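For reference, the structures are reproduced in the following blocks.
Note that chain A is present in both complexes that follow, paired respectively with chain B and with chain C.
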Partner chain A sequence: MTAELPPGLAIQKVDERIMTLNVGPQHPGSGHMRIIVQIDGDYIVACDPDPGYVHRGEEKMAEYRNYITNIPHLERPVIHDSCNVLYPYVLGVEELLGIEVPERAKYVRVICSELNRCIYTMYWLAIYGIFLGHSTMFMWPAGDRELLIDLMEKISGARVTHAHFVPGGVRNDLPPNFEEVCLRQVNYFEKRIKEYAAVFYDNPILISRTQDTGVLSREDAIRLGTTGSVLRASGVDYDLRQKEPYDVYEELDVHSNVMKEGDSYARSKVPWLDMMESCNIIRQALQKMPKSGSVRVKLKPNPKGKGLDSVYKRVESGRGSLGCHIVSDGKVEPYRLKMSVGSFRNLIALPYLLKGEKLGNMPSVYWSLNYWPVEADR
Partner chain B sequence: MTNTATGIIRALNSGIKHIATKRFTLRYPEEKLKFVGDGYQFDPSTGVGIAGLKGRHMLFHDHCTGCQLCSIACEGVAEAIAMVKVPEEQKQNKKSIMPQIDYGKCVFCGLCVDACPFYALYMTNDYELSSFSKEGLIYTPAQLAVKPYVEQDSEIVITKYGATHG
Partner chain C sequence: MSTDTKQVTADEKPAAKPAAKPAAKPAAKPVELPAFEKSISDKVVEKFGDKIEVEFVKENRVGIKVSRDDVHDVAEFIRDGLNYDHVESVSGVDYPQDKEIEVVYHIGSYSDSSLAKQILVLATRAQREDNPIPGKDATKLPSLRDIFYSVEFHEREVFEMFGVYFTGHPDNRRLLLPEDWADLPPLRKDFAIKGR
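Let's turn to the complex of A and B:
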């Protein structure tokens, strides 16, 4: 028997103590992926994550569509975070085509991007709650998300998959009277998420289940190449909105939340703190935004790149750094398009974190990595 | 131990407080959400859209020239738009062809509206498009010309006792 078979298919030696267990891929607490764990009693000996079940070929599809018709399908990997998924692509195409974006459009993009980050994180938090058997923490975020989904619906006309960002700005201006409604709902949202502390984050049962499980040290976090909240929960202060500001983030006061513990509890708390920071950014952006002006540059019907050219742009999404590499050969379609996604980079840490853990801790450690299966598979 | 006890009491207390707060759930078929504007529209003279819900399309027969730009815009996206012959004769529409939209395929991105240079295609607030057959989802130019009536009565209201749909 050669060792060329994919993971899980190779015939393994039967051991008296070690049992192999497939978690997934039919979604009961794993997402659309499989985690192959080998357990000795209640303890995990080895773990092999097996993603790829929801591969859609987004990158290849992008080579057959022009720069505008790529927009609706490129936001499908993470429909809750669709503005952030599209952000690096749009920034890249703008650089390829040499478009200057109006100031107001940049602020509208920042507001949409922060609203989407909160919408994604609330969904993620709801799933995290139900993974730990805390059904209140499923209901509350799922309900409070609605406040922000309502705002995104007012801006873009769709509850998910907004298709709002285009090369050259955004599709439409903010609706009349939006600033007031946005401020009211975001303030209430912030008040609501602060209430989660008593019921969830300061809850002794949650703390006893998640503290000191799946500890990722600062050195390992850097060595394994994790990003986003996972990296920040391990004590590395790295937020792309601060370190490599894009659009108008350098004019806004962005504070990044860092925790030193690197355990499952810290990884679940950092996104929650980030949501409060997002509320701050939205308030700042609403204040500093030019009150009038264009939000979209008029483009030619089929925009083309200027000869052989390539561009790489990255932004901070809900799951960490999200990059997009576009190669243009001067035609209406991109020659190549590749995405570097935070989910996949965070998944690499999973086998290291689960070794020696109890099987009951697997869901909390796995979901605290801020992993979104569809995004990782593209 | 005392820490654990107070923590659990705090958590329970926070939950109990919610008995007095208002219910946030939107009771959908009885209540319907209010939207801004009259649906997503596009102004080709400035190249910027007008905010609104991206729902079912509305086609103005007296503006449509049969230029197929909406159909071309949909080509790489959903391929939901087909150009079909219409019996009526409009003086700006020499070929007498107009878009027919298959809502089984449409992804409601609104790029067809952005493509129309003659103010002929808009989107409306109508989102209740379910049908018992696949054919029922295909809207002919005559069906698209009808302006839908959409009930809208409920909006998010934030009160002292929490947010609610009022």
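Let's turn to the complex of A and C:
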């Protein structure tokens, strides 16, 4: 084997004591990715995440489509969180075009984005539950998220992949009497998720499996550049809705949930606390929203940027900060579009956290990272 | 792209930033740069002089351009002198007409609360080859992995998607592309999608 390898490839030597295991890409516990773990007995000595099995080339596709036709495919990375995935792109295009969005549209966006955050988190919680062997925690969130999916269906007409945000506002106004229905469903939803404490978060079995596993210290969370719930579970108070408020988050009272432990338990609890915060934000937004008015600025059919320009916008999605770097050269298509997604940024913590951990703890650590393989690959 | 022209465009359209404070907008007169952002760029200019070029100073964003020989030193100063601590995103931008590939680091800070809103955009350019042999041609940049640990996977992605080899990176393997990929780096402009 002296032949030269193509660049980017490497040969690994086989050790007698260390066994190499491929978890995934077909294994349900890994999502659509492969985790190569090297184990010594029951302990993981090294871990090499291998994403890319659901790489769809969203960034390349975006260079061939104009700013409006990019919308439906750019939300595909996380269909359950489609409003938040589109959000930075839409904000970026608005800055490139120099549009100011109507006030009511900003509130509608905030409501949609918070609803989507809950819908995504419930889906994630269901998967987290089933991989820890807790079937009730799969059924309950999967059922309760229907409440919010119904609301999104009323707003946009689609249960997932809403494509509701457009540069200049949102596609349609809210349906009549939406405020009452939304308030009722959200209040009931909040009451339901509070019940999860008794069955899941205060459950001694869950606590024994997740507490003190995969501990990420505050310094390492910062050094590794993690984001979202992973960062906040390690004691760093950083929520973009607070720190760099976009649209109308500045006028709303946003509380960010921080836990100090940095273990799997804290990482699984922070998104749940975030959902209650989302319910608060939705209630505030419904109250402060202008009762009528335009929700969309009319654009020219093929909007263009103003010459060579670049913009970097970021929002807080269900999985952390989601940034969009758009380079425009004044044509109808973006010259380059880069999405910097929370899942991809949190992936770097996985080899770090799994080292020295028991193999049986892998699902609890892996899913606690709030990782969405499709988003990480783009 | 000179600094002056960018200043004007940055201030001509304050309405373009939806997240901006509404109260601050009328007060901002044209040709007045945001003071805090200006102080950041001034610190870098003071340290490195004409080795760097300030590309833009916008609200919450400072853009700095630097040659590939100085990027490592500038990044070190950004971490130690300016308290930035992590890289959010590393994007490659292909410019075939200039025969260059630009690599843009978006650097932020968690530990310094005054910088929570700020993103420092550090751009540098690598030489571009028409017939790339990734890792073996002149398309090389110094890796910032020893300064910002968080660039590890981002730089691996730029390497496979643009063929920019980062010298000093401990793990220059592919990340997303399949192992048997033998075509051009796919995000380069000359890699065309079929049927388009």
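To be clear about the criterion, the second predicted complex is superposed on the first by the 363 of 378 C-alpha atoms of A that agree within 3 Å, B and C clash if a C-alpha of one lies under 4 Å from a C-alpha of the other, contacts with A are read in each partner's own complex, and residues count from 1 in each chain.
In the analysis below, contacts are C-beta pairs under 8 Å (C-beta built on N, C-alpha and C of every residue); 3 or more make two chains touch, one makes a residue touch a chain.
Source: prediction; values computed, not measured.
For the composite obtained by overlaying on chain A, chain B and chain C can both be accommodated side by side without a clash.
After the superposition on chain A, the angle chain B-chain A-chain C between C-alpha centres rounds to 120°, nearest 10. When both complexes are overlaid on chain A, the residue A:V295 reaches chain B alone and has no touch with chain C. Of the two partner chains placed around the shared chain by superposition, chain C is the only one that A:S321 touches, whereas chain B remains out of contact.
Once chain A of one complex is fitted onto chain A of the other, the partner contacts of A:R336 are limited to chain C, with no touch recorded for chain B. Of the two partner chains placed around the shared chain by superposition, chain B and chain C are both touched by A:Y64. When the two structures are aligned on the shared chain, A:E195 is found in touch with chain B, with no touch to chain C. The gap separating chain B from chain C at its narrowest, counted between C-alpha atoms of the superposed chains, is 11 angstrom.
Shared contact residues of chain A, touching chain B in one structure and chain C in the other: 64. If you check the complex, the residues on chain C that touch chain A are 1, 9, 13, 15-19, 21, 60-61, 63, 85-89, 91, 93-94, 104, 106, 110-111, 116-117, 119, 121, 133-136, 148-154, 157, 159-160, 165, 172-179, 182, 186-187, 191, 193, 196.
Contact residues of chain A toward chain C in the complex are 6-10, 50-52, 55, 57, 59-61, 64, 91, 94-101, 106, 222-225, 227, 231, 236, 238, 243-247, 249-250, 306, 308-310, 312, 314, 321, 323, 325, 327, 335-336, 338, 340, 344-345, 347-348, 377.
Note for the complex: chain A touches chain B at residues 64-66, 68-73, 136, 143-144, 146-147, 150, 153-158, 161, 163, 171-176, 184-185, 188, 195, 198-200, 202-205, 207, 294-299. Residues 3-4, 7-8, 10-11, 13-15, 24-26, 33, 35-37, 39-40, 46-54, 73, 75-78, 107-111, 114, 123, 156, 158, 163 of chain B touch chain A in their complex.
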